[in-house]
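Following this line, the structures themselves.
The following pair of complexes shares a single chain, chain A, combined with chain B in the former and chain C in the latter.
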Partner chain A sequence: MEEQLTLFVQYALNGIAMGAVYAMIAAGITLVYGLSRIIHFAVGELVMFGAFIALMVWEATGSFSWALAAAIPALAIIGLITERVVFRFTLKEPLTGFIVSLGLILVFQGTAVEIWSPNPKYSQPPLHGSWDFFDILVRKQSMLNLAIAAVVLAVCYVVLKKTTAGKSVRAVSDDPDASALMGIPVKKVIMATFIVGSALAGIAGCIIMTVGFISPFIGAVYLLRGFAVALIGGLGNIQGAAIAGIGLGIAESLAAGYVGPGWTDAYVFGTVVLVLLWRPTGLAGGAEGARI
Partner chain B sequence: MKTKQLLLSTVAAAFLAAPVAGALAQGKTGIVKIGVNETLSGKFVGVGLPPTTAIRLAVHEVNEKGFKVGDTTYKFEPIILDNRSEGSVMVANATRLIEDDKVKVIFGPTLSLLANQSQEITVPANVINFSAAGSWQGLGYLKDPKKPLLFGTQLPLPDLALSEVDAMKQLGAKKIAYMGSDDDTTRGNMGPFLAEAKKQGLQAELILFPYNTADFSSFVTRAKSMGLEAVFFLHPQVSAPNLMRAMVELKAFPKGFAGRGMLPAAALTQAIGKPVPFPFISVNATPDLSYPATPAQKAFADKLKGTGVDLGATINFAFFSYDFVPMLAAAMTKAGTVTDTAKIAAALKTITYNGAGGKVCIAKDVQTAIYDGAQIIVREGKVSAKAFPSSCK
Partner chain C sequence: MTGVARSPLRAAGPYGGVLLLGLLAYLLPQVSSSSFVLSLATTALIYAIAASGLGFLWGQSGQLSLAHAAVFGIGAYTAAICAKQFGLTFAASLPISTGVGLVAGALVALPSLRTSGHYFVILTFAVGEVISVVEMRWESLTGGVNGITTLPGAQTLFGLRLAGRADYYTVVVIFAVVVLLVLCLLMRSRWGILLRSMRENPDLSTSLGINVPINRVIAFALSGAIAGLAGQLYLYHVKSIAPEAFMSNLSIAFLLVVLLGGKNHLLGPAVGAFIYVFLPEYIGLSPVRSQIAFGVILVIMILTAPDGALSLIGRLRERLRARRPEGGA
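Then we have the complex of A and B:
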């Protein structure tokens, strides 16, 4: 019995670290959706870009901090450019924005192939080894990744809930027209969310670089999970994204451990379908009246 | 006057006849189009890029002299199409190659999932199709008399299984995991290994995972909870360092790691930044290009480096096509035709070609290639390489 409990905790712990990454990607998706109603399908490619930029800096400097520090502004700039050049013109037609984001996937993939070659790349993570707590092995890099994700999501939450800038974001999310009448620079707020959403993808990419191989074609995997988390948490709901992200990570890990491992994806996404049948607006509400 | 006219006529005739005589001396020339339908982008690019790079090299080398069929000197013209790792694109490419380009020979796809679909198009069209796909062997296609134009370019799986199970025994493990991505490649390859392991008294458990798995913690934890002592890892090769890092950090598979076609760098530096603390054995379905055992293998490795194409962890897959291009030319010469695929296939089965992979020939009982294999062993940071010479006569 004790052995089974230890095993269960081990699986859960294994899943939390990846879940935090999913939560971060979903937070970016949910921020952008909440304000622009655009479902940004190229977010997986932003994660991929973040991973490659982090890898370049990590290999050049040997410093993970520098890698992280480089990925954030680089992706923020990409977010700024895509908003100014592409999405600004689709704000009144979110469906057009959605289709444009599909096109961006190919643009980002092609660019990545040109820059980094189509081959998968592997890098050393900064931390090796694990801690042993009563036969539960805690991987050091996973804990570092979890800590980074927790801090980033906590900062996002505090900024959104406790600062004037955050109130502006929430106001625009609730009613952009009324916000504009109140003097809130709606377009600038939307631009800022694209920047922050992309930067979050950059951080997630930096973490993913430490977990597994990266290639110009990994975007779809993380997009799928990011959207699943955003849907379960409720589109437009950042707290829901955090909870659902951790939940999906744990569900994946438990599926790998206790049921047919090859069917992990099927079990996980089957759960997503069931949750959405039960609560169409996600566990924490969202969608129609997106709440950030 | 007559003499002058005769002289002028003779000179003019000689002048006019010169190119014709030159052409006759040179013989006729012709082009043989060969199709390449590979994964050159998309998530399986690592599988298709090395054999395609090798085909480009081999075609260039064959074309330097050309090859004779009757009185005609032929050159190959490769038509290389990217199937983007997608079944629908692969089907469109195969159809285009056969119906529009009228090719009689197609190389690829190497990926089992796509190769299984490819043969559904090439077999009825009477087109010779080369592929290293393990599933062609696993599903019995290469023993099927109704599919005489399919040629495998990977060693016979039962031969590989013998070497792979031998590796597990070298690790001293009795309870082992067979791990691979949950796809046609693993399902097409695992049968002979599992049968051989059982025959030799090993208890093997199958652990499959989604192809894009980044974090192997839970799969490794599962194996540990089952008391498995060592792992045989099939693919994707690029995930081997991640798996080994999880093994070290979660204290799983204490007796070690074996895999197919893994680069020793995965165990030496990539997994944990220093050599892994357990033995590592790579049983290669091809010769190894990171530790080439013969001058021919080294020359091939150098040529691949010279292309400047980054072939990554699957560089050895270049062997899946390189020697088969000149072998095809030799078969066409022997068959006396570049279009009659039945005759070319029959000739192909009788040829032993001295190539980069040693003596290369087609096995008698299953229509797949035999050439040199290799075993690369890493113990306490020291690498040893052993070639398994081809059994071709």
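Then we have the complex of A and C:
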């Protein structure tokens, strides 16, 4: 009995660490959607890019901090470029923006294969070893990952809720026209969300690099998890994303532990389908509109 | 062709266009008998059939599905399982794979009764991914990651040998012409008008007594049946299938094929399919580089010419026509 409990806590802990990563991806999706109404489907590929850039830097320098420090600005720049070159022309037609992001999937995936070859790559986690609490093994890397994700999400939350910049983001998400009349630079705010959203995907990529294998084709997996979380949490709702992300992480880890890892993708994607059927606009947040 | 043949073509209506395309496709082996070109043309025609189903759905009823490749894959898997486990012939399994595609298409559509817009498209994407996982994991039925390779031996259809490259090409041409003619008939029927009215204004259509949900599901079922049929044609063309062939990238490719030609033209997806299959070979791009190039093309197309290449021809013609009287005066 006690052994089973330990195992359960073990699975749950692993799930929380992964769930925090999903929450970060979802926060990026939700920010971009909340302001531009664009469903950015290439976000999985951004995560993949972040992972590969982090892996390159980590292998070259042997420092995880450098890997983070390289991946974040690199992805922020990619976010800036995609917004300036394509997405800003699609703000009036969000469906066009969505199709643009499908094209970007092809571009990013192909570019990654060209640069890093199609083969999966494994890396040693930067932090080795684990702590032992009452027979529960807590890997140091998982805790570091969880800490990074928690800090990043907390910073996002505080910036959105407590600063003037965050207030203008919320204002634009509520009513872009009125915000423009109030003197908020709407277009710049939207540009900033693309930068921040992409950078969040980059940080998620750094973390994913430390957890398992990466390949140019992992995008769809993280894209759907990100969307599952964003939808369950309600598009445009960051707190919702954090809770839903951790919930999904735990559920997935328990399913993988008790039922077997092969079918976890089917459970996750099946959950997206069921949630959308049950509550077509997500569980929390409710409305088509965004709440940040 | 566009300049001279246009007026008689227009008089004959799009039916003539379909038959002309079929004739051109049929004559292709006379022009170039290399088996490589034939194989490419077969692939292009199969993509043309599948994408025409998507184009009909998107253009006429305004619904976009990212599960189309998955339904196409279901058709291919159904045909493979029919052949391997039950020893069915091509002709015997054709109604089954088409029927399974029809049901799958209708099932994909069911959520559209509750969701719409973005949410529905995300949902179709998720459904497609679930189907991929099932194909990958249900090993006893689908052979898992290795897929299915065995096929029964020599067969004939309409007196043509399915194993022969040129003969099989002719078979695919026949199916493409039939599918396009049926779609043409439907587009010009009252039902086509009804679908377009639903696309433009679902609420108004409902108020006029049109059962929007049922008709939407029927449109999806039709596009699913076409995808299932194309899936079987694909299986007998490549002779082995594996799950990664039908992942989301193929759905994006179908979407690109539809956009390339134009979703509002009957022949748009067919034109798009030939561009999609032949262009990389003629420029000599590697598959990865052509994927990048097509991603860029998709972005440029949706931003500059969302109605496709065929609409560009129309636009050019209008511009020329507008200029002519100006020049005369």
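Just so we're on the same page, the second predicted complex is superposed on the first by the 273 of 292 C-alpha atoms of A that agree within 3 Å, B and C clash if a C-alpha of one lies under 4 Å from a C-alpha of the other, contacts with A are read in each partner's own complex, and residues count from 1 in each chain.
Here is the rule we use: a contact is a pair of C-beta atoms (placed from the backbone, for glycine too) under 8 Å apart; a residue touches a chain by one contact, two chains touch by 3 or more.
No experiment lies behind these values; they were computed from the predicted model shown.
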Determine, for the superposed arrangement built on chain A, whether chain B and chain C clash or fit. clash
If we overlay the two complexes on their shared chain A, which of chain B and chain C does A:Q124 touch? Say first, second, both or neither. first
Contacts for A:Y11 in the overlay, against chain B (first) and chain C (second): which applies, first, second, both or neither? first
Classify the contacts of A:S253 with the two partner chains as first (chain B alone), second (chain C alone), both, or neither. first
Of the partners chain B and chain C, which touch A:P94 in the superposed model: first, second, both, neither? second
I'd like to know which partner A:V113 touches here: chain B for first, chain C for second, both or neither. both
Which of the two partners, first being chain B and second being chain C, lies in contact with A:V159: first, second, both, or neither? neither
Regarding the shared-chain residue A:D265, is it in contact with chain B (first), chain C (second), both, or neither? both
So, does A:A180 touch the first partner chain B, the second partner chain C, both, or neither? neither
So, A:I77: does it touch chain B (first), chain C (second), both, or neither? neither
If both complexes are laid over each other on chain A, which piece of chain B (6-14, 42-50 or 114-122) hits chain C? 114-122
Chain B and chain C footprints on chain A, overlapping residues: 113, 118, 220, 262-263, 265
Under the definition above, what is the set of chain A residues touching chain C in their complex? 39, 41, 86, 89-90, 94-96, 98-100, 102-111, 113-114, 118, 220, 224, 227-228, 231, 262-263, 265-266, 269-270, 272-273, 276-277, 280-281
Can you list the residues on chain B that touch chain A in the complex? 40-43, 45-46, 49, 85, 182, 207-210, 212-215, 217-219, 221-222, 225, 236, 238-239, 241-242, 245-246, 248-251, 270, 272-273, 310-313
Write out the stretch or stretches of chain C touching chain A in their complex. 64, 111, 114-119, 121-123, 125-127, 129-130, 133-134, 137, 247-249, 252, 255-256, 259, 288-289, 291-292, 294-299, 302-303, 306
Under the definition above, what is the set of chain A residues touching chain B in their complex? 7, 10-11, 14-15, 17-18, 113, 117-122, 124-125, 128-130, 137, 139-140, 142, 208, 211-213, 215, 217-218, 220-221, 252-254, 256-257, 260-265
